[in-house]
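Beneath this line is the structure, given in structure tokens, with notes to follow.
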Amino acid sequence: MSARLARGLRASLFWGAVALILVYMTIPAFVVLMTSVSPSELLEFPPSGFSFRWYERAFSYPDFQNAFVNGLIVTAFASSLSLLIGSAFAYLVDRYVFAGRAALEAVLASPLIIPHFTTGFGFLLLGADLGLGQSYAVVIATHVVLTLPFVSRTVYVSLRNLDPALERAATNLGASPFEVLKRVTLPLLRPGMVGGWLLAAILSLTEFTASLYVTAQRTQTLPVAMYTYVREYTDPTIAAISALLIIFTTALMLLANRCLGLRRILAIDVH
Amino acid sequence: MKAQALPAVELTRVSKNFDAVQAVRELSLTIQKGELLTLLGPSGCGKTTLLNMIAGFDVPSGGSIVIDGRDVTAVPPYRRETGMVFQSYALFPHMNVFENVAFGLRMRKMAKLGIERAVGRALEMVKLEGFASRRVGQLSGGQQQRVALARAIVIGPKVLLLDEPLSALDKNLRRAMQLELRELHERTGLTTVFVTHDQEEALGLSDRIVVMSRGEIQQVAAPLELYRSPANGFVASFIGEINRLPPARCRIEGDEAVFEIAGHVVLRARRREKLTIAEGQETHLFVRPEHLTIATSKSSAQNKVSCRVTTHLYQGAYTLTRVDAGPLGNLQLRALGGEAIAAAPIGSQIEIDIDLDEAVILAG
Amino acid sequence: MRPRPFFLWFFLPSLAAAVLLVAALGEIAQYAFRVFTPGSLEVGGFTLDNFARLARPIYLSVLGDTLLISLATSLFTLLLSYPVAYAMVRAKSDFLRSLIMLLAVTPLFTGEIVRTYAWILVLGSNGFVNTVLKSAGLIGAPLGLLYTRFGVIVALVQFSMPVMIIILATALAHVDRNCERAAANLGAGPAQVFRHVTLPLTLPGVVSGTVVIFAWTMSAFSTPQLIGGGKVLMISNLVYLQGLSSFNFPFAAVLSLLALAVAMGSLGSMHPFVSRLELKAAIN
């Protein structure tokens, strides 16, 4: 009997601890959501009412409007380029043996280790010396390099999970190497590629540190504009934008979990 | 009579090395048009490698491959016109049954109407009419197997290659598919190379069987011949169950061959015309379990050996009985039904009769 | 082997990206050796002075702070992440597993500005914690949580947890449950099973997770910048001050190289504990 009691006690202690830790992880998001709909300029808990004024202000603030558009442009180009290059790279690593492969792998995986401010600073200097300044090209190049490891990783995992017999079967049925790629390999890699692209898009959209270095007023992305705002004002306008971003990413995660399986994208599952 | 047609596939001194491993060694083989040839051998003997070389997935390290009179040694797999069925079926998961079967025809730029007709016929042939729009994930193992077959035969391949196509199926389904495969072969007349390491499957299905070991051919023969006169000890013990007796000395006495084993056991067989064993030569005798019988007191058999029963293995239709035959070692008998279990209890001393007229006799 | 077609198609884009990155890092290395001309973006001839400057006590103390904060962050992250990862992998119900994963992983994708700003709202003197404590009558004057190392670490730990949880969950998912059952069958209690089987089997994940978070935290910028508010300085903040405020590119370059060296060094130190493969799996 006491063994059963001890077991129950241990389980409830464990789950209690897990719940507390999860509260710690999610409480900032809830505070942001609450603050964003509070009518007062000062932070208060519980909020004294309900209002959308900070949302209105956020939407009408020109810097945010520009930054939002900039961010979309950068994210669209960066994530798509990253998808193309990352998929090509994953295929390269999976299928070809060539001199310098290990070196190429090391270089393209290194943005995971290199501090973002180092990468950003490097691209700032590179852009300046190439006469490109802080143009879109430099921002996009930076984001591509930063998101590349994530895309190539997801596509690589999909490639590994691809049954090689499928490609052989297509070849045997008369498909040339190009047809095999087009009709069998690519369609089967699609979930992995969509997952990788999604990951790249989110990371690019929310990237801050490197962007701070490589963007100018004209090309600044949303996180940079938010940072600038936070340093100057204390009102909850940022809470409104943050709340929108939190809702957006949560919805995206839910969707990704449903359609692609989050565990698969994050490569947690055992196969 | 028709003039002898070109062979479907001709392999001449074909080898394949993977680094240090010699998977196939200087193997020559001619596959006749329309025959169902089985590659049989233990795991790792090079069956898949041989098949892959015919299909073009593995490039031979040496030798040449001719399909239908054309040297294809350097031809890429997608221009070889072979139809392969993979062990895992390799059905395209992103296409339905129709699309899977139509794939090879599309690659050949066939017109739409022609494709629909050909796919319909192929599905009918494998008894999958009405499954065209199913997703392949919704099919059972046996059905997937049929789709894979339909996909391979619909292109009218010069040779159909099957790599252990039935090994993923359970025993009953496997039996049924074996029959169907044989029927399908009869109807299509396609030259077929079938890989298996199940000897019963090979015996039941094939026109001819190629027994391989360590990358080399041990024997090529029709099933009946293979079972009754294996060319060497490997084939004898690989095909079916067989008792290998200790080495014997042979001498000819009139129309009898007399074998002396372990110095004092003497067994006799009728003299055979084909037997090419010289007097006094060391020989090896292989006897199938069904050619050993428990001797009754009335029987007047000549090769009586006394032994002790060690185990019975009841198999339903027959019983396998293991006995310790002293100088002859451990032997297995096969008797119909289960009477042997009561007639010869474990531990009892019995006499058995060895019928050497059906035995395999090989020079040492 | 048959030569593979399309090699260049796949190779050239990757090569281009690699060349860009190497060029950018090369620029930093190059600037690190140049003479700084105050008031100008142009740099002069070659010198080693920028490296000598690192030895000044102020910079050494920033480096020390950075290492200390990173170390504390990675350890606390490990302690808090393990139970969550365990629950996420082992929970019986599918729904619970998905819920925990969603809660644990989503913060990773909201971006550092949103997360940092959220912590300002939580930790500020009129923030969530102080308001709740005050209205509960537990404190009179607000606690000073913002602009302290403690506040910075609290925020950094929360940022780092999703990555740690992913790494640990991957390790836990690969533990063969039958090993644990075997131990239990041999008489080990739940705690002993965990100590003698589960933990050792996930040790590579634990080590690589801790080191990855250490390296990650080393390069955190917005958290010390906004929550530290100038009172807590890490290398990243120094690079920003030197590079984008004083426009001393050469010294900022030296600091960047230093951060890069520490990050790579800490990941490199993992080799004795974790095989290359696991390292790769962990950081990817």
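Think of it as A, B and C in the order they're written, each chain with its own count starting at 1.
Throughout what follows, a residue touches a chain if its C-beta (ideal position, glycine included) is under 8 Å from a C-beta of that chain, and two chains touch if they have at least 3 such contacts.
Predicted model, so just to flag it, every value in this text is computed and none were measured.
Looking at subunit B and subunit C, the chains that touch each of them are A. Every chain gets a centre from its CA atoms, and the centre nearest the mean of all protein CA atoms is that of A. Averaging C-alpha coordinates per chain places the centre of subunit B 61 Å away from that of subunit C.
For this pair, subunit A with subunit C, the centres built from the Cα atoms lie 16 Å apart.
Chain geometry summary: the mean Cα position of subunit A and that of subunit B are 56 Å apart. For subunit C, the set of residues touching two or more other chains is empty.
In subunit B, the residues touching two or more other chains are 76. In subunit A, the residues touching two or more other chains are 177. Touching subunit A in their complex are the following residues of subunit B: 55-57, 76-84, 86-88, 90-94, 103-104, 107-108, 151-152, 155.
Of all the residues in subunit C, the ones that touch subunit A in their complex are 4-7, 9-11, 13-18, 20-25, 27-28, 31, 41, 80, 83-84, 87, 89, 98, 100-107, 109-115, 117-122, 124, 126-128, 131-132, 135, 158, 161, 166, 169-170, 173-174, 190, 215, 218-219, 221-222, 226, 236, 239-240, 243-244, 249, 252-253, 256-257, 259-260, 263-264, 267, 280, 283-284.
Of all the residues in subunit A, the ones that touch subunit C in their complex are 7, 10, 14-15, 17-18, 21-22, 24-29, 31-32, 35, 42-45, 84-85, 88-89, 91-92, 95-96, 98, 104, 107-119, 121-126, 128-129, 141, 144-145, 148-149, 153, 177-178, 181, 202-203, 205-209, 212-213, 223, 226-227, 230-231, 238-239, 241-242, 245-246, 249-250, 252-254, 257, 262-263, 266-270. Considering their complex, residues 163, 165-166, 168-177, 179, 183-184, 187-188 of subunit A touch subunit B.
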